[in-house]
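Each of the next two complexes has chain A plus one other chain: chain B in the first, chain C in the second.
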Partner chain A sequence: MLVLLGIRYLTPASVTEWMTDPARDFVTLSISVIIESLPFVFLGIVLSSLVQVWLPEGFLLRRLPRNPALRRFTISLLGVLLPVCECGNVPLARGLIMSGLTVADSMTFLFAAPIINPITIVTTYQAFGWNDGILVSRIIGGLLIANLVGFIFSRHPSPEKLLTTGFQEACAIDEAAPRNRRVRRTFLQFSRETSAMMPALFIGAGIAGFIQVAVSRNVLVALGSNPLWSVLALMTLAFVVAICSNVDAFFILSFGSTFLPGGIVAFLVFGPMIDVKMLALLRTTFTAKTLVQVSILIAMCAATLGLAVNYVF
Partner chain B sequence: MSTDADLTGPPRAAPSSRAFRRLLYGSIAVFALLALGLVALNLSQGPRLTSAQLNVQTSVERAGQRLLLESNEVLAPVGDAQISVTPSVGVATTSNQTSIQVEFTSILEYNTTYTVTATGVKSASQNAESTFSYSFTTPDANVAFLVPGSAVSTAEPAPDDRIERASLTGGTTETLYSAPHISRFATMGQKLVVATTDADGYDLLDIITPDGSAAPIPVQLAGPGTVTGLTASAKSNLFGYTYRAAPSPYYPTANEQLYIYDTTLGQAFSIPVTGPDHELLDVTSWFFVPGTTSLVARSPDGSLYLADVLGLLDGSSGTVGVGSADALQGFVPGTKSLVTERGGATFTIDFGTPGTPVTAPFTEASGAAGAGSGAGVSPPVQTQTALPLDASGTVVARSSDATALVKRDASASTTVFTTPDGTPITHFCLSTNGRYAVTSTSAGTTYIPLAGSAEPRTFPGSQPDWCSAG
Partner chain C sequence: MSFSRLVSRWQGLALSLIGVTATVWLGFAGQLGLYIHPRYYVFTLVMAAIAVVLIVGAFAVVPTEGDDDAHDHAPGGHEHAHDHAAGGHDLHPAAVARSGRSPRTRRLRMLTGTAASLAVVAAAVTALLVVPPTTLTSSTVAQRSINNASATLPGEGSASAASAGDDTSSYTVKNWSLLMRQGVGLDYFDGRAATVTGFVTPDADDPDNVFFVARFVVTCCAVDAQPVGVAVYRPGWQSSYPTDSWVSVDGTFGADPSVLSTANIVLQPDAITGIAQPSDPYVY
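So, the complex of A and B:
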């Protein structure tokens, strides 16, 4: 952040004058995604390091229900305690896996936490109140989808195959690390996670910026009044704009009069779970095949939820 | 990193890759089918009415009020042919994006339930049709009047005068306020402005909240004197009164001067309306311009002045001259056109257009017999009492013997009311929406519907508040 501020301070305003409008939009949009996400990514990395280094071994696992479904449900509610959006949850979920949580349980946390974190709930309420069941559909729909994803992937015969080789190696290093010298280990862990996350964040932000420049929002908005297209268009928009779950309700509020409520619910449920920036961040941890499977599953669930809301409200 | 088996204790059979794939892709397939089913249901369902907005209060006050029907989808164009209203009212329909605007071309009836139905409403993106239906009830016509307290015997003091309220569609009357020697009053929404006369014969002016939720607010007059006229504009939260100072050795006679009070400012002094020369303006008659914070006043020399009250209050604008007139008949109901008389002819001055008010001749409807004067028209009327009812020249006037009220339009002269025992009509006015004429006789106040099927209603009181509404 300081580097960005320093660059802005030292750079004359005319430095972007040579750029074309689309190029300037690309830079602006990409940097806005980075600036918006950066605090949460760092917060997530800090929390991840604390969970791994400072919590006694097995502290979290011992306190969770032993029944898998109940345990996943409990984990899906942990987001209430963490005002961190989806990009911050990626390092935290990595930390949870490193500290012994199953891959499926971590997925449940990863996809539920950004939706039921307190800031997200408050901003969604502020934006929509109880109108058209948007808030309730978002919370309940998000929890159900996250638990379903957790359940399905808990049936995977070799969960470690869901993870990238690099991350598996990182887990192995962490398991072998000595349990003393916590401060040094915290810094090392912070450094390692930052190195893994930052390139992914920059790539994800760049892709998000590029797609937003390339795909006209007007095209998406034009589709908003159709029960089917409103859902698909807003899911596409959520995937493209890669906006934080903490503020996405206010973003989509401006489309509220154009789009049907089901489209808005699909946007608010799908976006925090899957978008271009998240995929880039998740790619540090999960294999491409896993991400494709998860994305399709979540997309189908979110679309079904959105269509159901459109039918009922 | 661990597995479910690590955490649940006893090991169980490890799931196979095939079972996982079956579960994953099966789930995706189930959701795909569910989504397809929901798509079909959504496409077979037409647009839905999500909300409706209408200011029912103004719907009985002026024509052109709009009912806004909001849909959950962007709509294909909706036309007049698709809209029906029960009971029947003319409408002009437009649609835009997700809304249908139904504009009522006439004023709606009091205390009536209307149902607006839009049939064949389609989404812009699919063919399924639906019907929107919305019902609303217009407010009752509530009127207030002054009932003087009359002593049973000369030995006893007269009971208080009462301001009573009643509905024109039935029910009993209720007393809003009572006090000794109420000389005049006006209603402002839930409040009353009441002038009373004290023991010395001078007037006091108070703002009263009849439900007692606020203490009376005394309005400071410019000194001992008499409130000679009182008009309230509930829409603008303003009232005005003409005041004549009590004679004194130095000023044995005094003219009527106009003061305005803004009730939104709380307990504040009323401000005098001044002329272009910034001197107090003497007035013979005046009106609020309907729906605005402006007023038009006529001075004793016949000059007409237009003043924006808010501009006078904050000093941002002054009074301007807008011509002259021998008399002011009043505004055509539902418009900002003031009917005036000058040199034996009648004119309208339109204050509804920006800039200088536009003056145009106003031709009173001749009725069945022709000429616009009272003479020779059957039944004969007192032309000087004619009040304009609409822009086409329809007027309402007293009959020559003052025992009847006559409505005269382009095609006919119709007696709309005759006093039952031949008592003369001492005063009459039109409601601001033009739906009723209000007459005062020694027997009481009668509200006469000028259209529709409602019956006239008479109350034993005087000074109907509809005649002091601006």
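So, the complex of A and C:
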């Protein structure tokens, strides 16, 4: 750490004078994503360790209902207890799978938790109140989509094929690990999870920073007042900006005066589940094929929800 | 242990350490605000402190991990069964059997993976520890449209409409910008004195005569930064005030003499002073 601090301290400010403004902004935006997401990822890993290492074996699983639909619905509500946004939910969902939760059930948790988490609900309420049914549509829509994803993937004949080989191996190791020596296991778990999450986070942040510099927001924002295009444009915006679900309501409010409510709901439901940074993080766990299927499914559901809000209500 | 496995094993901890070091340094240097909203300072630094403990613990424990896994509890006793939480360099026997790839292909994949891992670490060191922390530039202003007509700003909903008796002596670029966007007209602004501080960015429609004194409004982090600004009418401003330099402008509001600019109200400057970038360049 001292060496790294030394690099920081000794590097002259003139070292980047050759960089163009877009290049500087690319670096600034990428760093911003990393600095903002890093604490949530650490929190997610800590909570994951809590579930896997410190809670008695089967503590969570034993308490869940046996009926699959009811169990998934219960799991989709677990996020209420965890003030963790989407970045932190990925290591936590990995921990739940390692603890024995099925892949489909973990998906339900993964996609519902960032929307149902208490901070997200409070900030969405602060931003929109009860106006236009945005808060209610977000919560109910998010829960419905997460449960639907869980239901569809629960029909998969061999769920382990949804996971990457590397993650399957990590699960096998954790299963074989002794249940004592908890402190040591916590450190090992931290090491393994950071090995998986950190490269994904850094690459995801780089991609998000690049897209921000390369794609003008003005085009997307200009489409915001059309009932159809507002939904698609704001979903694209959600995918591109990759902003944390805890504060995305404030973000979209800053664009919101002429956006239609359906577009805003689609943004608030799609963004926490799928965006460029989340895909990089999810790729640590799920195969590319799975992620394509999940992304298409969620995008269609979010678009349907947004269009329904615009045209029906 | 091969070099590839060494890289694979330590990459996560190395990246964590780089991220935490950058965070802590920015915190102590008072520069976290270049990237995130002040409401996250405490949470970010507390999690960084917890991460330091976990990283130190992991550095102490991980070197012996292979022995434990190989001899105590790795499934089937594979020597390197522990090595692949990263999902990167896939040499696990089961995986090899499943993949059906030739040893040469596997070796090539492993080398590519190792090179990619090293590149990510090098890029992280460069971006977080070598490149000096900086604010966003006018390039992002162009991307996001200054004073975007459809945009609302945090606190805008509760901002009271201007009335003739308001004390505007402490108004910032954001306050003036909000008033203009709320539709307050020239009859309110005309002849009103103001002092505003921000960075210089050209008016897209009349860059020769008009520039904006601009600030970025940040809701959460620099990713959501939205530029706001007050237009200043000063023909030939480029020769004295470079784009992105910081200035303080004293002047009086009036109708925009420019025929090209879409700003209706501009600040007619009495004095423009170049200043150093403030420690808190964004507004909230």
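A few comments on the model shown:
Quick note on the criterion: the second predicted complex is superposed on the first by the 294 of 313 C-alpha atoms of A that agree within 3 Å, B and C clash if a C-alpha of one lies under 4 Å from a C-alpha of the other, contacts with A are read in each partner's own complex, and residues count from 1 in each chain.
FYI, contacts are C-beta pairs under 8 Å (C-beta built on N, C-alpha and C of every residue); 3 or more make two chains touch, one makes a residue touch a chain.
Since we're looking at a predicted model, the values are computed, not measured.
In the three-chain model built by superposing on chain A, chain B fits alongside chain C with no clash. In the superposed model, A:Val247 lies in contact with chain C only, and not with chain B. By the touch criterion stated above, A:Ile203 is placed in contact with chain C alone, chain B being left untouched. Touch criterion met: A:Thr11 reaches chain C, while chain B stays clear of it. In the superposed model, A:Thr28 lies in contact with chain C only, and not with chain B.
When the shared chain is aligned, no partner comes close enough to touch A:Pro118: not chain B, not chain C. Of the two partner chains, chain B is the only one that A:Asn310 touches; chain C does not reach it. Touch counts on chain A: comparing chain C and chain B, the chain ahead is C. When the two structures are aligned on their common chain, the gap between the nearest CA atoms of chain B and chain C comes to 8 Å. Touched by chain B in one complex and by chain C in the other are residues 224-225, 257-258 of chain A.
Residues 1, 4-5, 7-8, 11, 13, 15-16, 19-22, 24-25, 27-36, 38-40, 42-43, 45-46, 164-167, 169-170, 172-173, 175-178, 183-184, 186-188, 190-199, 201-203, 206, 208, 212-213, 216-218, 221-222, 224-225, 241-244, 246-247, 250-251, 253-259, 284 of chain A are the ones that touch chain C when the two sit in their complex. Per the touch definition, chain A reaches chain B in the complex via residues 61, 64, 66-68, 71, 97-98, 100-104, 148, 152, 154-160, 163, 168, 171, 224-229, 257-258, 260-261, 293, 296-297, 300-301, 303-304, 307-308, 310-311, 313.
Against chain A, the residues of chain B that register as touching in their complex are 1-4, 6-9, 14-17, 19-20, 23-24, 27-28, 31-32, 34-35, 38-39, 41-43, 45, 72-74, 97-98, 123-126.
Of all residues in chain C, only 8-9, 11-13, 15-23, 25-26, 32, 34-36, 40, 43-44, 46-48, 50-52, 54-55, 57-58, 60-62, 65, 69, 72-75, 81-82, 84-88, 90, 92, 94-95, 98-99, 117, 120, 123-125, 127-140, 143-145, 148, 150-154, 217, 219-224, 226, 244 touch chain A in the complex they form.
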